[in-house]
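In order of appearance the chains are A, B, C, D and E, and numbering begins at 1 in each one.
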Amino acid sequence: MQEFLRKIRWPDYVIVAVLITFFGYIWLSIEGTLNYKWRWELIPSYIVGWHSGREEYFANLLLQGLAATVRISIYSGILALILGTILGIARCSANLTIRMLARTYLEFLRNVPPVVVVFIFFFFLSQQLIDALNLERWARGIARQENNQIWTFFFGEMRRFPSLVSGVIVLALFESAFVGEIVRAGIQSIPKGQREAARSIGMSRMQELRYVVLPQAMKKVVPPLANQFISLIKDSSILSLISVQELTYKTVELVASSRMIFEAWITTAAFYFVVCFGLSRIFARLEKRSEKR
Amino acid sequence: MTQPSPMIEVTNLDKYYGTFHALKNIDLTVHQGEKVVICGPSGSGKSTLIRCFNGLEWHNSGRLVIDGIEVYKDAKEIRELRQEVGMVFQQFNLFPHLTVLENLMIGPMKVRKITKTQAEETARNYLDRVHIPEQADKYPAQLSGGQQQRVAIARSLCMETRIMLFDEPTSALDPEMINEVLDVMVELADTGMTMVVVTHEMGFARKVADTMVFMEAGQIVEISPPEQFFTNPSSERCRLFLNQILEH
Amino acid sequence: MTDLGISRGKGQSLPKPPFYKRFFGSVFVSVAIYAIIVGLIAYGSYVGAQGMGYNWQWYRVPQFLYRNTEIGFEWGEIPIGLVATIKLSVISFLLATAIGLLVALLRLSGLVIGTAVAVGFLELIRNIPLLVLLYLFYYVLGPIFGFDRYTASILTLAVFHSALISEILRAGINAVPTGQWEAAKSIGMTPYQTYRYIILPQSVRFMLPPMTGEVVHLIKSSAIVSVIAVAELTTFGRNIISDTYMSFEIWFTIALVYLVVTLILSIGVSYLEKKYAVDQ
Amino acid sequence: QSATQELSSESVIETIKQDGVIRIGLSLFVPWSMRDKNGDLIGFELDVGRKLAEDMGVEVEFVPTAWDGIIPALVSGNFDVIISGMSVTAQRNLTINFTDPYAYSGLAILANKELTAGMAREDLNSSDVTFAARRGATPATVIAKAFPEANLLLFDEDGASTQEVLNGNAHATMASQPTPNREAGRNPETLVVLEGELFDPRGEAFGMRKGDPDAMNFFNNWIAQNWRSGWLEERHNYWFATEEWADQVAQ
Amino acid sequence: MTQPSPMIEVTNLDKYYGTFHALKNIDLTVHQGEKVVICGPSGSGKSTLIRCFNGLEWHNSGRLVIDGIEVYKDAKEIRELRQEVGMVFQQFNLFPHLTVLENLMIGPMKVRKITKTQAEETARNYLDRVHIPEQADKYPAQLSGGQQQRVAIARSLCMETRIMLFDEPTSALDPEMINEVLDVMVELADTGMTMVVVTHEMGFARKVADTMVFMEAGQIVEISPPEQFFTNPSSERCRLFLNQILEH
């Protein structure tokens, strides 16, 4: 402590003063001019609530939303990984046509705002896909069954399954561009000498990729992929614009129903922060540990 | 010196990088069991030449015949060629994600499709030959440069190649480790392997070379037996170069 | 020495690569195939949507680009929106750079609390979605500080990107090899002189390309302010769609406009990158 | 197959019967529809939707959707009908069809009790009075027309203008019912809704995809019936005029 | 050899990197005009030692006196010290965004605050001394390694330092360029500059060194005049090392 205090220099005090003024002003204006009535006590019941009808505890709006966000992130993360790996390999392909196709897809996704991409994909692709596969009827069929707990665990409310699917598809398509770039960078970061060595012991291009390049690229690619996964969780909030029932959307609903604007948004921001920051800490620690080994 | 069958025949070979003329009208023959040492100033095309020998680079015109097979740019055939021609790089280029043993076994197993036990036996055999049998289970990063380069040599040997190419195998090594690699190469030369070595280690060249080649600016300036090369090189440029190298 | 004729005895000359390989390998054919595939996809989706009963009305799109009225030539909503987007982006970018510089300097300052505050700020901003940040600024901070939706959007974008920009600035400074610091030190320069004459001139080269990239990024993220109906390209697009319900046509047009703008900038970035790589 | 048969087999009524479920699109808007403390949907629309489904003999499925995406979502088939307090406007009507109105709500004046004590509606039309309203919204134009003498402060948010009245910076604001009623209910000591006729009452109706006469006929008849029976009015009163449901929701 | 005043005095110096003991109990004195060559295996602490001499690293205990001033960790003092002690790095570390001339002038102008004309005169003078007056307006990247290193030497000289430290100045160079740098260093030695050189170039050491220092594992194992050092080193480890280096 003594040590710590000794290290503090005068600009530190200035910073502290500025911060105190800033937050003090916020506090004063909420309490004074705005007349806002805080109702923090209601927030916990919107995370886990006591159902007055069913007489049991249940996951209320915010927790439902968080669960949906987690589900969507995991599923679209997996899908994006698959698509992105294909895309990344295609970007390094020897065939010009394949390279150009991959490049076109990628440039489109990277140069158009996510909001626009989400709307385009939603109206053009996922709705058509869901109709074509007749997912809605199928999902409703399951929702009507008695024992659908397992389905519900993995996919949430089955009646909303199509919206989950379109959310997952839209997000995965969107993120696959970034995953593709990471995979490509990983492949290209393998020194030329490695490929030459592989070739000079007679390996074919496939063998070279399979036994020499990809195993090494995978290792390099894991940390940026982990970061991309965190970005994906954050980007998933955009899905609220196409009414996918994830955390941000549920918060909008909560605000519309209860008018707890400040409390609800601060809580939601805190949820995202805890999830994303927690994950980034965990990933950093894992990375450090694997480095040591 | 009797002349056994030629292993590498280069006739009139030219090579461009874009518009840059990297190899100019190269003629060279390497016979079975012959040891050729190539030297010359930086950028003179030494690496480019031996990289042509196992198809890492493509010549633009002229003929290149390896072990009786003419080399064209065709993926499948060239792969077969590479199984005959081993290459040791300046930067070792071991596979960092595999142990030493796996580095040695992956080629024979995946390319030559021999069984794991057999591959392991060969691998251990060659590890013995390069004097590091005890390092089999380490990863390349855990070895010194000299040890890594010996593993790289063993990896090439495991493919049971008939020709070995070395591209400055000791120039990335600390002075203390150069010897251990050169020793292994001398031993290898004694087994009768056909070797083409790019190096500036003139002590080694004196010891093993049958033929010395001096390149400059993409051309072969001098081909001569080592006795003549070191005592009385025919070109002035070559003499200057040797002076530079041997002075310190 | 050797008879070349004899060497043929053992190995036949290998055949050239087969015709189909050379054919598909050639640039012209590759580009042609590419064009055909892209064309097929475009045609397929056009016909597909029509088959589903969608009524394409591309002829109605130009009026949103420009109009020739009695008064004379007049820009349509889309160009006006684009200008608004660019204005929004430029203001946000300048503000973001200012905040980013402050945060980067705080982080490099070595001040105990200064560094902690900078890191805390970065982590907070980095781990909250832009959309949620926008809602926070608009619904929570807006009433407190009394700013309107336009200010809220600018602040959101500026704060969000300042985190990224401060990392670019910091990385640019750190990208100068330590040898440069040591060389400057060993001729007796002070830290200030080292920054001024040695480090900053070099780090600008590392910072310029990612900073331009950040402009592109900012233009893209500015679309999100359409959620709170701030007048800019995406908002105008959504307004047009809610008036005309030509969602396909308008979304494609909007996407194309963004694509053109960001691609031009991206090409600029790669030009900068190349230019500075050559100088190196 | 004749043309009429074909048309009726394509009607949304047919798919509803086949699937045994009617999908209703709505966007949350108190008290039309909202989430109660249990996270379940309640509100006027929910009552309407459930009764409609019951009368059709099918299940009901509510699809909450963001307001500005609700029409595209209907057109692209995400649900069968919009029941979401959507008022009939010409612009909207160009893209979708509307049934006959099933509810009427209009604008009401929400005033500060203290500032407007003893004032009648006509008294508000004076230069001493300040109105607050949302920029560009209907209330702003209606105020300007109905009270030309009064001052008008424009804000970007509905909430902001209410807040101004609450803080005593403005005498009154105008908003579509039932918002004023609810605000007054929440702050009974400061706010009051002025008595009198609603301004600019507009009808709210079901929205449907175009080209479906069968469904139009069915819904219109259903609305007419329930209007005559008084059921619609009774539910509307319950949600809009009373506060009986208030403790179900965190308001 | 007479013993003029000591320029560098190291007594009992210890240095840690975290818990790693990098320099152990070093004692060394360098007199004015003396040329000291330090050699030893990789990682033995040679760089660490000479980096202490101009304050790029800090010793943890012991005394270090440069030109009569004891070195403490004080930003201002150390900056003055550095103006007396020049350093040439293995990687040259020229400022890539400045021309050769600007590289030479920036130190004198910004640190010593002399006028531009004067700085340019000094700079051109020293460029002459390192035999590349014609390269003044090029950028470092346009020069060969040998030329870059000579510019680096000139840059140090421009600060008119009294002591010059060299950390393996030739080990990043191609064999052909080593000589031109060593020649410049020999000339510099002849002017009577106090020099401490870390190098493995034993030819150079023989020519100029007054004292040879051999380090291992953070310790000085041997200090002796070159005659004795090369013919009859007292420690076994040193003899082995010399053999390794000199063999090829």
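Everything below uses one rule, namely that a contact is a pair of C-beta atoms (placed from the backbone, for glycine too) under 8 Å apart; a residue touches a chain by one contact, two chains touch by 3 or more.
Computed from a predicted model, the values in this text were never measured in an experiment.
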{"item": "Most centrally placed chain - per-chain CA mean versus overall CA mean", "value": "C"}
{"item": "A-C or A-D - the one linked by more C-beta pairs in contact", "value": "A-C"}
{"item": "Distance-maximising chain from subunit E - centres being C-alpha averages", "value": "D"}
{"item": "Chain centre separation (subunit B, subunit C; CA means) in Å", "value": "47"}
{"item": "Centroid distance [mean C-alpha coordinates] between subunit E and subunit D, Å", "value": "84"}
{"item": "Between subunit E and subunit B, distance of the C-alpha-averaged centres to the nearest whole Å", "value": "38"}
{"item": "Subunit A-subunit E separation of Cα centroids, rounded to whole Å", "value": "54"}
{"item": "For subunit B, residues that touch 2 or more chains besides their own", "value": "75"}
{"item": "For subunit D, residues contacting two or more additional chains", "value": "72, 159, 163"}
{"item": "Per-residue multi-chain contacts in subunit A, two or more chains", "value": "34, 123, 240-241, 261"}
{"item": "Touching residues (chain side subunit C, partner subunit E) in the complex", "value": "177, 179-180, 182-190, 193, 197-198, 201-202, 205, 279-280"}
{"item": "Complex interface listing, subunit E residues touching subunit B", "value": "41-42, 174-176, 178-179, 182, 200-204, 241, 244-245, 247-248"}
{"item": "Residue numbers on subunit B that touch subunit A, as the complex places them", "value": "54-56, 75, 79-80, 82-83, 85-87, 89, 91, 93-97, 106-107, 110-112, 152, 155-156, 159"}
{"item": "Residue ranges of subunit C touching subunit A (in the complex, touch as defined)", "value": "24-25, 27, 30-31, 33-34, 37-38, 45, 48-49, 52, 106, 109, 111-114, 117, 123-124, 126-133, 135-136, 139-141, 143-145, 216, 219-224, 226-227, 234, 237, 247-248, 251-252, 254-255, 258-259, 262-263, 266"}
{"item": "Touching residues (chain side subunit C, partner subunit D) in the complex", "value": "143, 148-149, 238, 241-243, 245, 247"}
